[in-house]
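Chain naming follows the written order as A, B, C and D, and within any one chain the residues start at number 1.
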């Protein structure tokens, strides 16, 4: 192993705490290849490699998020805030709050109340059905509900309507162009497009009118609405394909950069030996071998097929 | 009292936030800012409670000799190990390391290097790969399940196809540069119309729930 | 094949895998299509005067970094080349490692100083609440910056900016879902009447047409949009040329993968209806 | 007859008056919220007094009964997937209401009902809903506790578990109602491949394309809430739906009027005209 390590060291640091992508250290390269391929092995069927990767993922993810919420959501708004406010008391400054300076002592008092209420949440750990956690919970729910109610009514209801109060004719554009490539710039096209948007929105909205009698008019309009909605879903569908495949390509790309670039155990460049001993390829071979062996020995009976 | 006080708190905070949305007064802005800061703290602490649950469940499965016992041990080791390192870094028990120098030649110290090392070598590849699996599932679903059985499905698949073609140069070449123009028309006009209807629908839902909560009529969140 | 649904899907997995890996090894490239909304995104930033202040929010995680990280890097290059000052924040807990890493790597290339040319306020929990709080009071939202743990007032840029978003000329969010662009529009865009740009995952892209251009000045959607933006930025920025090439190679793979999907849909339907015909 | 100048005078004066108290650019939002609230409470009180608020039939709803009937004929179970979100998600809560209705039907027909869940709290709610449904049908012993199953708390593990049920126990009907994420694609595909009749519904728009493409009937967006209201006749829900309908009609009218005015005054010079006045009403 020492020999292999030295081979790698020739080009890459074997372990470097400061190395960040795209130039990770050799240990990192092997970890990345291992975990990536463990997850891909799920495509064959649920298996110990995937289970391992999945549990590492849950563990690492939970730990990482916990650290983030602890540092930015508890230490900073409580400890750092109070610390800063007490600093302002000494310097006799005001604590800025919504563009409005307040007495820092007051700020400290407020934040201590918040901390106390936050502690009431923790009571749940010891007593499941305690009344205490309900107080902070109630405040949180109230704040969220009010924020979403006001903000989203304006941004998703009022402003989109306002955005549609535009003319359906464009006097500045030439009425029609014989040049097929420039049709989109003509006044006729502008009007058609504007009408499509307005009629389309009205029809789609009418499809979601439920509590009024289905007159032939409403029925017909809502039928057009279905067409509009289906084309909308279709475009989402197309874009979703675009997105999912992009994720896969990126993973392949990142594995590709690890097959070579000094991460391989032996050889250099694109020689067979060097490629075969590169993190992704070697790991893939090993995982495949183990899965094949499990199949032969019938040990994989417990795994559920991925289909 | 067990229910009245929380509901009172909800209504008061809800009204305060709503008021500050419409009002011009400095006081309302200050109250707004402070309440939001409170909500951030509660939000975070509530999240931290979740980890307690995870640990408890995992420990139970380990002690009860659950079939996945070894994996649960792995989970706990990773979780607690990462947590330990992170907390040590946050509180400076592990010294910050120099990550480089800025243009003035001043050394840049970072307290996150160990956390980021693990992040980039374990969490990042795992999460990215988990979601890249969907590329394969969408392919097999395309072959085995996406059927033009109804008028709706036909429309949907055709629109999807046009977008898939219109988004890439090859699709344009194959359709004599029509795909991207059709796509533009679908997206900019028809899709925009459909999206407005859907988004307004979502807004109505938020508005209804929000109103009921702010006015203290919705109490289901207090039940559990 | 009696019934298409009896077919073991893993052959399709294999086909997709072989296609992508095979094409990747060729290293061929395709340009991205012309996209009006990407041009709009680019033009809005181009139109900003020197020393404008932009708030750049990283609202994504590794699951969507494939699409959003290239946009994020290109946007940072674009802003710094234009001598625009950047306030960098995040509403997704898994974003800060990216923001730290990218800014540490890119700012020195432009000789930008921390505190005067850019600041890192880091992650703020609370989703919608976090956004609303940044709008309401930056100084109470972030007691300290996340790089040097100093009170904001001690950072020249934040001192100049003051407590409100009034001084911010433009908000850019790289948005992967909830919380993201829709929440920014609701909590900051409409409320403080702020100009917003966004780069989003492909999945979210079609939603944005409901807001463009009246509420959203421009956007970048998915990998194709990212590549198009990289093409625009790399015209001025040598450092982005390699990234552009990498992404054009991805577009080449992407377009054939689309063809595979389309072929699978067609063949699947033909076999299905043929089988039903019998 | 009020002329343009007069109208804009009045509007400006009004905004002047209100400005110290209210941010006038947000008045339309305030108006919208108040209008919605008024209609909602009015409709709710009427519904509570038993005044009939009609709800149009939703195709997906008939499909529910059809699907259950089919599995009864084939003597195979019905699979009900309540989405993967927690109970605090409103869609999950409504899914529980629909589950109760489905459980009643299956109990009446004597068909087995399998409910896999991803969240332990949802599990309790689901058990309660199924139990209730069986009692509604007068068949309390039709409730089989083992058929409400907690599979896993991990998205893809849960997904694999449900796929396993679809392949092994071959339910003749898959009903997927609630909040779905990326797994919707895999569930819909596996269900289709297993040859079951599939009814899906969610208000999560990004998952709808897959349901439409791979399921026999899909309940899209707001229809999901309408279905719940139709089944439960819950006055509060009826009220909110009626209120939304009223606002929609207002929106449609405003768009028509506004666009028409804007077109009429398209090359009108600066200064107020009916179009600008109308637009100001929207902030």
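Here is the rule we go by: contacts are C-beta pairs under 8 Å (C-beta built on N, C-alpha and C of every residue); 3 or more make two chains touch, one makes a residue touch a chain.
Remember, it's a predicted structure, so these values are computed and weren't measured experimentally.
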item	value
Contact-richer chain pair (by C-beta pairs counted) among A-D and A-B	A-B
Reference chain D; chain at largest CA-centroid distance	C
CA centroid of chain A to CA centroid of chain D, Å	24
Centroid distance [mean C-alpha coordinates] between chain D and chain C, Å	30
Distance between chain centroids, defined by C-alpha means - chain A, chain B (Å)	6
Rounded Å distance, chain A centre to chain C centre (Cα mean)	11
Residue list for chain B, restricted to those that touch at least two other chains	21-22, 29, 32-34, 36-37, 39-40, 43-44, 47, 99, 115-116, 119-120, 123-125, 127-128, 130-136, 138, 140, 144-147, 152, 156-157, 160-161, 164, 167, 184, 187-188, 191-192, 195-196, 198-202, 204, 207, 209, 211, 221
Touching two or more other chains - residue numbers and ranges from chain A	20-21, 42-43, 54, 58, 64-65, 69, 72-73, 77, 81, 97-99, 143-144, 147-154, 156-160, 162, 164, 198, 201, 205, 208, 229-230, 232-237, 239-242, 245, 247-248, 250-251, 306-307
Per-residue multi-chain contacts in chain D, two or more chains	26, 29, 32-33, 156, 192-193, 205-206, 209-210, 212-213, 221-222, 244, 247-248, 251
Contact footprint of chain B on chain C as seen in their complex	4-5, 7, 9, 12-13, 15-17, 30-34, 36, 61-66, 94, 96-97, 100-101, 104, 107-108, 111-114, 124-127, 129-130, 132-133, 136-137, 140-141, 147, 182, 191, 206-207, 209-210, 212, 222, 224, 251, 254-262, 264-265, 267-269, 272
In the complex with chain D, residue positions of chain A that touch it	42, 46, 54, 58, 149-150, 153-154, 157-159, 161-162, 164-169, 171, 194, 198, 201-202, 205-206, 208-214, 229-230, 233-234, 236-237, 240, 304-307
Chain B residues touching chain D - in the complex, by the definition given at the top	21-24, 130-131, 133-134, 137-138, 140-141, 144-147, 149, 152-153, 156-157, 160, 198, 200-202, 204-205, 207-209, 211-212, 215, 217, 220-221, 224
Chain B to chain C touching residues, read off their complex	20-21, 29, 32-34, 36-37, 39-40, 43-44, 47, 99-100, 102-104, 108, 110, 112, 115-116, 119-120, 123-125, 127-128, 130-132, 135-136, 138-140, 142-148, 157, 161, 164-172, 180, 184, 187-188, 191-192, 195-196, 199
Chain D - residues contacting chain B, complex	19-23, 26, 29-30, 32-33, 36-37, 40, 87-88, 90, 93, 121, 156, 182, 185-186, 188-189, 192-193, 203, 205, 209-210, 212-214, 216, 218, 221-222, 225, 236, 240, 243-244, 247-248, 251
